[in-house]
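Next come two complexes, and both contain chain A; in the first it sits with chain B, in the second with chain C.
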Partner chain A sequence: MEKHQYHIQSYCRIRGCAIQINGKPFFNLVPSVPIGDFLKSAYRHLNIDYPKFHKMDGLCKAIFIAVELMALESGPYQRDTALIFSNRSSSHLSDSRHATGIFDTINPVASPSTFVYTLPNIAMGEISIRHQLQSENVFFIFDSYLPEFLVPFTASMLEDGKAGSVLCGWTEITAETCDLLLYHVGISTGPLHNVEQLKRLYNEEDE
Partner chain B sequence: MSELTQELKAKIITQLNLEDLAIEDLADDTPLFGDGLGLDSIDALELIVMLDKSYGIKLADPKEGRKVFETIQTMADFIEASRK
Partner chain C sequence: MKDDVFIVGDEAITPLGLGSQLNFRHVVDGHTAVTEISDLQLADQPIYAARIDEAHWVGNIKDEHRYTRLEKLFILVLASLIAEYEIPLDERTLVVLATTKGNVSLLHNPLRTFAEERVHISTMTNEIQRYFGFKSQIIPLSNACISGSLAISVARRLLQYDTRYKRAIVIGGDELSKFIVSGFHAFQALADGHCRPFDRDRKGLNLGEAVAAVYLSKIPTNDAVWIAGVGSHNDANHISGPSRTGEGLYQSIQEAMQEAGEPALDFISAHGTATSYNDEMEAIALQRSGLSTTPLHSLKAYYGHTLGASGLLETILGIHSLKNNRLIPSRGFMHQGTSQRLNMITKSTQLPLNSFLKTASGFGGCNIATIFQKV
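Now for the complex of A and B:
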């Protein structure tokens, strides 16, 4: 049983080639472009200088942009901000790129810069480095977005004092599309952190 | 030699995803690591793979890499010397 009521302090939704921050459009490309081009354009639109971004795979890039945007909206993260991410395809984008390289019949090559992203957890490392987090983190693989699991898991981490706040959500990035909802949960004001609210945010259309 | 340094700059920018850089931004004597381009250990591995795949050169001694990968010029010098 939760002792405290937790709130969604900020949230970012990326669907296809459109990004919303706290329900408001931030950036979109029409007509849609390949996901790599979209993420690069979104990064340039953010107008920040972080050259390492270009070395990341699609999963890391999408998460990086969302987490960065939320920090711009609601201030820097505390060091004890935990990370609870989930998706369906794990690091499939990098896995398949790596497989293409090593199984090439003419010129097989294992590229270290591709191989290093063949785990979804790497995205959490990138975020922790960027925002200097020293916190708990976990990456779940689910069939679909599952707030029924994420809400109590997040609440228990906060209740147990293992984190001061939590960056949490769904980060499904494939070669074709981006389906991401990340949100920052804590004790500050904002929409209530519960399953119904998170379903609503996931299904929310552009204003 | 100049042709080789230009080629190396183009390859490094592409292989290491240095998308904010153009060939003109890279001087022959720009340090690749540390305060120069700021490459990391994964980039170093990528450079070793690049030497092997593009120029057929295997670094026998990993310690050799520190000197070879100091700048574009030292890389070009090493490739030229290995060809002789």
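Now for the complex of A and C:
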């Protein structure tokens, strides 16, 4: 039923402590750096002023940086740019922090500023505010990166005419791992939007 | 032309019981599941909430001890739906599962009896997958309080565009936990009594729990309900507060109405959490949509806010409202309490009903509107 051919207008990969945009290195630190410190350094390297960044949890920060970099390549994003993200651990970083607080045996505490980040789609809210996207958002949870599902679903959203382009991908951020591949799918030029291509971009060796 | 997609079956378990028809009868009779609960495993202080009594459903599940409480609820509802509608479990059946927090009650909980790994939504889903032996992989999504409604939209779109699927089961569920209660308490969002959606004296929400499921098909049955239109838009305004102009919800309603062909709506099943900001935002979005005079209810005072299940549970009750040609009153409402007037349903009136609008909004600024019509 797919009538149109769509293209990957830009893509960003963050793995370990290395960030690539369209396959080219943007920023990296030695892999032993804690993820929080790495994301903070990467934000400084972006050279922008967005104080809300510092309130975000690790999932939101990593997604924020990737979406910011892609905007330089294939942005500015139109208002009807839909968001289709996926990962395995949902909002585990903030979930863990909230749960640690409430089960503390000496001083149990629940903080609203942590609790608000205990939903994975909050990251999509942050991106929508930053880039003024008033679009459809869906956050899927899978065992692993699943282009076999994401590709046809993204195409169906574009075919449906509900979105002009889509920011899509895999965003697995935990205390130990940073594994992100986001890409901007639309009708402009770029590599073809298909499962083989997206497997290749995900598995590409670092330069 | 896109294929039409219909809801041809439904099932739910709530504190009022197992069975969607049974739940409909309870709400038209004015029964509420919300009550005062004193349980230190949920909160240090008594709370008003709605909780399912586990004792009623033990014994129906194979190797029951292998599953968490929430997994058992999911299994119970799926087993009942599959048996009632004789749904094939082959690769042509898509399964979409909506939850905000899954097994989060296990996380760092000193009283947990399952491995902490089970806290992952995909791990939970795999257990359910194995129990039934579904041939196609269950698709889980987690999108705050619009998860249930959004899952219907996702399944509908896949049925329309992905030729692999002929039919779909859409299921949503969440359970009460200290994790959730402490968070909403920290937000000062919990009412200290029964919640009162859209009322002048509303003071916050009640939390609840439920699992609800619908069966989607491209082939309508005699009493099928057509999913006529869907719209979903982010406010792009604030991560934990609704837009003051109701922009995302307004756009969602516009899009759903346009797709459905601007039908006359017989009633609206609103989100209506009974927090001050949410209900005011909805009233503004509905006024902007020209729907201020359409009869409207919120079902939160019957069940509390059931999070990832709420969109599905409230859709199912709306469908039974259509089939029975009977409006469900908005429990807890007495005095107009929003800047824009709404036509609140206060009596369980019998009248011909053909279509309704279901809305939902959630943290992260997400909104969804869906229009359902009798075939």
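One rule holds for everything that comes next: the second predicted complex is superposed on the first by the 206 of 207 C-alpha atoms of A that agree within 3 Å, B and C clash if a C-alpha of one lies under 4 Å from a C-alpha of the other, contacts with A are read in each partner's own complex, and residues count from 1 in each chain.
Everything below uses one rule, namely that a contact is a pair of C-beta atoms (placed from the backbone, for glycine too) under 8 Å apart; a residue touches a chain by one contact, two chains touch by 3 or more.
The structure presented is a predicted model; accordingly, all values stated were derived computationally and were not measured.
S.K.: Kindly say whether there is room for both chain B and chain C on chain A in the superposition, answering fit or clash.
M.R.: On the superposed model, which is not a single observed complex, chain B and chain C fit side by side.
S.K.: Contacts for A:Val116 in the overlay, against chain B (first) and chain C (second): which applies, first, second, both or neither?
M.R.: In the superposition, A:Val116 contacts both chain B and chain C.
S.K.: Determine, under the contact definition given at the top, whether A:Lys40 touches first (chain B), second (chain C), both, or neither.
M.R.: A:Lys40 contacts chain B only, not chain C.
S.K.: Of the two partner chains, chain B (first) and chain C (second), which one does A:Pro152 touch, if any: first, second, both, or neither?
M.R.: Touch status of A:Pro152: second partner only.
S.K.: Should A:Asn107 be classified as contacting the first partner (chain B), the second (chain C), both, or neither?
M.R.: Touch status of A:Asn107: first partner only.
S.K.: For A:Phe140, decide between first (touching chain B), second (touching chain C), both and neither.
M.R.: In the superposition, A:Phe140 touches chain C alone.
S.K.: For A:Gln197 in the superposed arrangement: first (chain B), second (chain C), both or neither?
M.R.: In the superposed model, A:Gln197 contacts neither chain B nor chain C.
S.K.: Quick one: is A:Ser10 in contact with chain B, with chain C, with both, or with neither? Answer first, second, both or neither.
M.R.: Touch status of A:Ser10: no partner.
S.K.: When both complexes are superposed, which of chain B and chain C contacts more residues belonging to chain A?
M.R.: Looking at chain A, the partner in contact with more of its residues is C.
S.K.: After superposing on chain A, what angle in degrees do the C-alpha centres of chain B and chain C form at the C-alpha centre of chain A, to the nearest 10?
M.R.: So the C-alpha centres give an angle of 80 degrees.
S.K.: Applying the touch criterion given at the start, work out whether A:Met124 contacts chain B, chain C, both or neither, answering first, second, both or neither.
M.R.: Only chain C; A:Met124 stays clear of chain B.
S.K.: Using the touch definition from the top, say if A:His54 reaches chain B (first), chain C (second), both or neither.
M.R.: first
S.K.: In the superposed model, how near does chain B get to chain C, counting Cα atoms only, in Å?
M.R.: 7
S.K.: Does any part of chain A touch chain B in one structure and chain C in the other, and if so which residues?
M.R.: Residues 110-112, 116, which sit in both footprints.
S.K.: Show me the residue ranges of chain A that touch chain C in the complex, using the header's touch definition.
M.R.: Chain A reaches chain C through residues 1-2, 83, 88-90, 92, 95-96, 98-100, 102-103, 110-112, 115-116, 118-122, 124-126, 128-129, 131-143, 149, 152-153, 155-157, 159-160, 162.
S.K.: Which residues of chain C touch chain A in the complex?
M.R.: 2, 100-102, 104, 107-110, 119-122, 125-126, 137, 139-144, 150, 154, 157-158, 160-163, 178-179, 182-187, 232-240, 247-248, 251, 255, 362-366
S.K.: Applying the document's contact rule, which stretches of chain A touch chain B when the two form their complex?
M.R.: 40, 51, 54-55, 107, 109-113, 116
S.K.: Note which residues of chain B are touching chain A in the complex, please.
M.R.: 15-20, 38, 42-43, 45-46, 49, 53
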